[in-house]
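Letters A, B, C, D, E and F name the chains as they come in the text, with residue numbers starting at 1 for each one.
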């Protein structure tokens, strides 16, 4: 357990539907956060190359062209696009968690990339269950996506947006000993800030850990980039509700609701000790004789090709 | 599923350490709420005969006398004391959930009594795991305490105070189809209101249900009743953060922080439908192929006496 | 294996979003088919109380009211609504397969009910994976939904709409020895008839079985019933492409594309024998040394409550 | 993923039972297709030196002589015969897929050769399971025959004739990410065109890929070449049902049923993206928690000689 | 739970092997204790008509005659002998627990009789397992002998001598809520006082109850009464180690080691409350999820005659 | 069963709240005992780094800072701290049982480490149920903590402090055949010596085994180290009541109440034989037809992560 860790939440807007320009921007922020002394910087959900607002605001029968643009601007892992994120982390010497539209085969996923200061991707988790309209865009993750990552700056976990609504997804990560939780959200969805506030404050409390909660900002430019003849005119620019929270659900930084900004906070790990002594949800406060959670971990594939020793 | 149900949260103070006087007061409120059209009224944690503040604020070696008074003012189930609560419900024609210090054998429990308008106790749940100092006062519940109760006004569940910190306790109840959740809290503990706010709003959201959150009020009289030579002088009267919440975590009534009050709200069950269509945490949003919760239900006893057919 | 079985495909329109009126209509058809000598009659996908076209043609942010109407007109199993379907089968002495919007807890499913001439439900299968916009309406089935049903009129299986696109879902049912396959589809979706034609003909060939393929019809009245201020005006009434096919993929009846109609055909089971001698996909034509399909059968629940012997 | 690829289907007749003359003809077509801008050209099943119709139409006791002729006109790989095909591809700068009667040891196989524009054979797949009468002529392939081939013009896969009847063979190839599928068929078999139509349209749909479906033509000359005293007089010349299909099962070229012809089409790979976003059978539309296909890949030999460290 | 109860331990010697004279003596003590305000008086193990020392100190081959005398001086229940004990209790208005040699059929038992102030026997328990040499004299009890007796002066239980060595026998009684435990011992056995001291102090502590521990005194007269030619000359008169203990294992009266005496103590039941709040072995301090004791209650008979409906 | 074993009880004081200095001291004693010929040396409850007196003597709301210091000075298993204990045992060639504050995740446990002369930890048991104020510091053990350890010097078991109050915990270990029992206690708690005396003497008797009972000493220095502005001034230095007992509950060494000391005794295992012949509580003196104890053994975890074969 480290003593103190400086972390950052990068509340930024994507260069909508432009993977390479967005990665440029993300890499710039990684370097800036590194210069500011941050050891970890977190980015919003699907920031590369942006959240598919159209799936929520347009008729499903008319979203083909936007989906196709998203597909071509998604990030394969590894790929030159992900390599550039890794290089920026190595250069800046920081950990980062970046929300991407990941592509594997013909399916997109809403994923979080965990990259180390050595430039290596040590974690990639996919949203287990996209929410409503998102299911027209993204596939689902599996048991491998409930991993926790042990690092010198603490044990890191992450969840994306409404994954926070499911107690079992949360506990599966928390109970492994999570110390810093990265909660990624989109920006600019109507009415979501109240949920983000309650979800992240309660997460910190129930997990007795720190939470870096980071949303994107929805800009006029992003709305225009989704163009399509003004069909997305009902979208309001704005959004943003990023914050860094302590283990009692208290705000250490933010909530920032005023546009692009990088939030910083120094995490005092002794605060985890104080809370754990009172409520350790996976320790003395658990009742494994009454409730047990079973996680079926590991990746699942519809097709497995086995090759024998002489194959 | 009913269409609309009127419910009430009774934010009151106990007549501290006086079981019978407190029950008088609770019965009065049951009748008042019944006259106001409430079909269900919820009371704070351990309101009969009050929360054991001394266990938190006095040295453990000096709490014998107060513990002994609590022991003698606790409620056995059934007993004349619980019978009076039942009679009030039958008279008023309302459901009620009442927090009591329950006594069985030599052990006290922090329990919620669920009483029907017919005057019958249809549920009794004990806090699964008391928190820190409370462990010097109360025993622990077991798998039987994660039951959900089907009634004509909806499926009712309950949890007490920091039980809300444990995702598995919550999901074990929610996933049975909870529609109205009764969250009981003490009153006047420093710094707890922020947690109550986050916990109840998030509960409503993650369960897609209504929440009746009810705290007690800590009065000068109650502090005086715990007397003991002014040792509890550090306690501040006040407290109170009761509320009734809708399935997006929005406040329908309260939060009331200004002393004794009865809050009312009419619950529109269609709001549950709207949320479930988007996020049904135990339905389409669950991933039983990845995470499964097992509850070991039923009461557990250290001693079982079996009597054979000829015994 | 029976010698000959008379089967029917009921290409009808729902009384849109009106469960009880639609069930009246379905029961009438069951009786009519029974009088015409049919031993089995199949109905379209989600005919009770209709397919949620709005999820495809309206912006997701504006479908709440329609979803709520669907929720209240869905069919719990068992319930008085499903009992009426059972009574009609018993009265008419026929098997039927009926597509319903099934409701369990807070989740809807796209299900097929298999009802016997004794009025008992012997099978209920849920669509394993809703397609695109449907994922905003329906949950997913599981391994229990790949069951095959042995009956005196042959071994019956079923799949719904784009489930036919997945070779593994199909083979999982076929390889158990399917003899009559019921393929349910919605009606009136643009451009789907070509896919229905190819999918059902090929299904019969690859499974060496009979296929009853049945679609609904989309009527002006149904479009009007989804009202909502003319928002669904882009929908065109029409649809329909029901048919009954033999084991080489040849049409025994239909395809019927001209509105409501009941198709009949007499199935000569010796045709299955002829095909199996040449291509038995799960027998002599299989290569289990090279390709093996593993099905994880059985229902999966996110919550399991175990009660001990002394509970 | 390329943007657009021009492909060709060469619907030709063999010079029956004359390997070298048939190879001359095939090489001519390769060059012609190259001149027409095709990047890939596909040939019918067993076009070198023709499909063994006698195994279907003559009494098995009388097919010895024809089998002997076929054996001597089969193609070993590599051999001068296969080298000539390679040279033609290199000269024309095109990919080709050629159906051959392959000979290894004393056994013939029904194989597809995949040759690159560099003149190298990068794939050779044998029909996994010959159909009925074919089992008197050809041996069976193994797990190595379910490989997919990654190339600059897309990921190529192939199946032969009734292999298309088996969902597991198909999925084993599709789920690796197939983009262009080469379906090879014989020509002139009675009643097969309906099956080819359904199978190839459905294949494109279920794999969300392009299909080049190519059949041979049966000529009077070929019937005569099988001579043998008029015994094959029941055979009708004709046949042919080649086509090129898009990922919804739509015809981009063909079906051509009027004799020898080379079909061309330009494949727009964005059409795969459009379909995958809706139905990715091995991605977001798969249910690996329910159905898993295991392929035992690699060649299998009846005799393996292992040598120890000094061997 | 009563507030205070006065109890007595009657450390007396039997009129050895003379049932009626011993009962006279016991009845006198009951009346004396009653006059002294005792509500309960306890007597030593097998005081009527004495402990069979010969079984320990004589060669087993030579104990026939003494056994015969014991048999004829044992107490059947009910019988005129037991009636006299009952009458004394009724007359004095006290509860008493009297150790007897009980006779049923051809077997003797080492029993405790529980008699109420109304003169009724409400309990009779037999030593479950005689110790070593005792097995030559007494039979064994069964599950019925682990009963606890609810009375207005508290819940009464009892065990005899080395029964105290078995944790399960003890817990079976304690866990039913024992408040006053009657521990009966013989007198004059060498080296047993240390065990009595540890066993009774620890019993009070582990049960959080009061203990009345009562031993007999071995007199010269008793030794002489067992006469038989001086064979028992090795026996030393003396013994006695009676006491009354509080729930922390503290002595409220005694230990008395100086001959015949009646000890008195007033039991303050609030002391049980104080201990239970800290250590309730069958309540909050139990772990029924880890250790469960099952008692097979009820009498067991070697012969049961069942009679059918007409029996 | 060995003939004779020399054992030691190390009555020492911790270097309060200083893990590493306390371990230095413990290791010194291990070596000293080894030189004195001891084969087994036992240490007090939670000697590393001391018992949390503050939880009993300070107001719970003010113990945060001390708890935090304890957390950071607790012992993870394995860790460099536990490795040093192991090394000392290997060096000295002795068995040792050491009481530690164990840390796992965010929870502390009151544990006994069993280390062999080969330097390996062969047992680690956690107190099943902390007592009263201790519940604010330590979590609970489970069924795995009732194990008995077979060694060449006899079968070893252990319990901690008030665990000795529960007959079922004791019997669960004794009935496995315990020969040497290690009873660990804190030092300096007021009024506990009488309980230690009764509990250990009776334990030896009821288990028919040897008991090494070892307490710590509370020093002025330790009280000062808990500092906190003199709040713990009510604590009295002193304590100590260690002893080694034989199977009749007789003292072989001690009780030592005069400060730091190492007690030694040579255990003659034939004394166990002598007692077992008279009273074998889990053998001939048991009545399994009447009382049965069921232990649910094994560790229980709130979270289990299963990984499939292909994960």
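Just so it is clear, a contact is a pair of C-beta atoms (placed from the backbone, for glycine too) under 8 Å apart; a residue touches a chain by one contact, two chains touch by 3 or more.
Here the structure is a predicted model, which means the values were calculated and not measured.
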Worksheet entry | Distance-maximising chain from chain D - centres being C-alpha averages | E
Worksheet entry | Selected from A-C, B-F or A-D, interface repeating B-C by over half of its contact pairs | A-D
Discussion item. Can you tell me which chain lies farthest from chain A, using the average of the Cα atoms as each chain's centre?
Written reply: E
Worksheet item: What is the Cα-based rotation angle between copies chain C and chain E, on a 0 to 180° scale and rounded to a multiple of 5?
Response: 145
Discussion item. How many angstrom lie between the centres of chain A and chain F, each centre taken as the mean Cα position?
Written reply: 46
Practice prompt. Please compute the C-alpha centroid of chain A, do the same for chain B, then give the distance between them in whole Å.
Written response: 36
Worksheet item: Listing for chain A: what residues touch at least two other chains?
Response: 132, 136, 140, 142-143, 146, 168, 171-172, 277, 286-287, 289-296, 300-302, 304
Item to complete: Using the touch rule from the top, collect the residues of chain E that touch chain B in their complex.
Response: 143-144, 146, 171-172, 175-177, 208, 270, 272-277, 280, 282-284, 286-289, 291-301, 304
Discussion item. If we count contacts the way the header does, which residues on chain F are in touch with chain B in the complex?
Written reply: 55-61, 132-133, 135-136, 168, 234, 302
Item to complete: Could you pull out which chain A residues touch chain B in their complex?
Response: 128-129, 131-132, 140, 142-143, 146, 162, 164-172, 174, 191, 194-195, 197-199, 201-202, 205-206, 248-250, 277-279, 281, 285-287, 289-296, 300
Worksheet, complete the sentence: The chain F residues in contact with chain A across the complex are 64, 67-68, 71-72, 104-108, 136-140, 142, 296, 300-308, 310-311
